[in-house]
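What follows is chain A paired twice: with chain B in the first complex and chain C in the second.
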Partner chain A sequence: MDVKKEYHKDNEVRFVVSGVKVRFVNALRRAMIAEVPKLAIDEVNIYENTSLLYDEQLALRLGLIPLKAADIHEYNEDDAISLTLKAESPERVGYTVVYSKELISADPKVEPALGNVPIVKLVSTEQEINGIRTVARQRVSLEAIARLGRGRNHAKWQPVTICTFKELPDESGGSSKQKAFVFTVESDGSLPVDEIVTEAARIMRDKFETLVTALKTQQGI
Partner chain B sequence: MGYYCLRCKRVVELKSDYQGIRCPYCGYRALRKERSSVMVKKLKAV
Partner chain C sequence: MIPIRCFTCGKVISEVWDVYKERIKHEDPRKVLDDLGITRYCCRRMLLTHEELIDDVAPYG
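Up next, the complex of A and B:
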């Protein structure tokens, strides 16, 4: 097997894997999507929501915000990290958009990977009732609980946005099934893209090692 | 638990002898039940 890195940016990597079969690269792709753990908001406690979004819509939008941790290996699936959000529309007529950077984390090592993800738009409207002008404001106050999870349980735990491979044309014209594939992986910002690839490979290796150990123990190979 | 008027946002207490739903301040007929400060809605983010 031969690996050659073609292109590497902050959140994107492209590399060519040659001398392998399609089932191997597909297993790696699936491991990146479904097995690499990351943090995402799993539960939301809503104290107040007078915005136009339903509580359920708000919770779904929060769940899809990528969160990054200083070291993902410090956390396990039982850990819960609290993030709070409190926002209100302007005092005068107008609107304000609440972004992911306004989520305040109880754990300083955990924060939204992208600060510019819009969560909800809060609108202040003017109303005139019996000659008195008032401004109706919208408010959101909630606590979000983030947990470690894997993409096989929900897409919000997928650390990749793009994870594809394409077969390179065989220039030699041979009939060998050992082909070359160009892999493109893009991270959503929650984990460095290199770490996603290496973690997926490590997970695959651990699974095979467990399999071999179990077979040796049970059958005395 | 109180209600509040959807137009003027004022808190409205409904009396038992009151024969209709109407805000006594602005006359609007759409009232919403207030979310209690102790009530927290727990949701799964899915």
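Up next, the complex of A and C:
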């Protein structure tokens, strides 16, 4: 097996793997998509929502925001990280857009990977009741709970966006048939790409090790 | 409201919406998308075909 890195940008990596079978590369690809854990908002307690979006729409949007942790290994499935959001439309007629950077995390090591993701638009409109003009303001107040999860349960826990490989044409002229695959992996920002690849490989190794030990103990080899 | 992620590949595209919206007023959308690093056609259509309707709905909310 031979690995050659072609390029490595901020959130994207391309490398060539050769001397392995398709099934191996595919297992690695699937591990990256479905097995590598990351944090995402899973539960939302909405205290007040007078915005134009329904509670469900708001919760879905929050869930899709990639969250970045200083060290993902510090967390396990039972951990719950609370993020709060409180926002109100302006005092005068107009609007404000609530961005992901306004989410306040209870854990200083966890924060939205991208700060400029618009969550909701809050609009202030003028109202006239019995000849008295007032400004109706919209408010959002909520607590979001982030949990560790895996891509196999929901796409919001999938650390990669593009994660593909394709077979390279045989360069050696046909005599020695060694297959080579170009892998393209792009992270959504929650984990560094190289970490996703190594973590997926580690998960695969752990699974095989469990298999080996289980067989050993059961058959007394 | 612009969808947070691309429907097809899952890349977060909403982050560049504000910049995109401003720049297409006097620039070619193709160039703007290239500059912003939106390279795949699945992500490009998310921004190109998005129509901000929330302000039209607002009076009925």
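Odds and ends about this structure:
In the analysis below, the second predicted complex is superposed on the first by the 211 of 221 C-alpha atoms of A that agree within 3 Å, B and C clash if a C-alpha of one lies under 4 Å from a C-alpha of the other, contacts with A are read in each partner's own complex, and residues count from 1 in each chain.
We take it that a contact is a pair of C-beta atoms (placed from the backbone, for glycine too) under 8 Å apart; a residue touches a chain by one contact, two chains touch by 3 or more.
Just so it is clear, the structure is predicted and the values come from calculations on it, not from any experiment.
When both complexes are overlaid on chain A, the residue A:13 reaches neither chain B nor chain C. By the touch criterion defined above, A:120 lies against chain C but remains apart from chain B after alignment on the C-alpha atoms of chain A. Of the two partner chains placed by superposition, A:31 touches none, neither chain B nor chain C. Shared-chain residue A:186: touches chain C; no touch with chain B. When the two structures are aligned on the shared chain, A:144 is found in touch with chain B, with no touch to chain C.
In the overlay built on the shared chain, the residue A:87 is in contact with neither chain B nor chain C. In the superposed model, A:46 lies in contact with chain B only, and not with chain C. Of the two partner chains placed by the overlay, neither chain B nor chain C lies in contact with A:103. By the touch criterion given at the top, residues 40-48, 55-56, 59-60, 62-63, 127, 129-130, 134, 136, 144, 154, 156 of chain A touch chain B in their complex.
Looking at the complex, you find that chain A touches chain C at residues 52-53, 61, 64-66, 97, 114, 116-118, 120-121, 123, 125, 155, 158, 161-162, 186, 188-189. Within the complex formed with chain A, the residues of chain B that make contact are 7-9, 25-26, 35, 37, 40-46. Put simply, chain C touches chain A in their complex at residues 1-2, 4-6, 9-12, 14-18, 40, 54-55, 57-59, 61.
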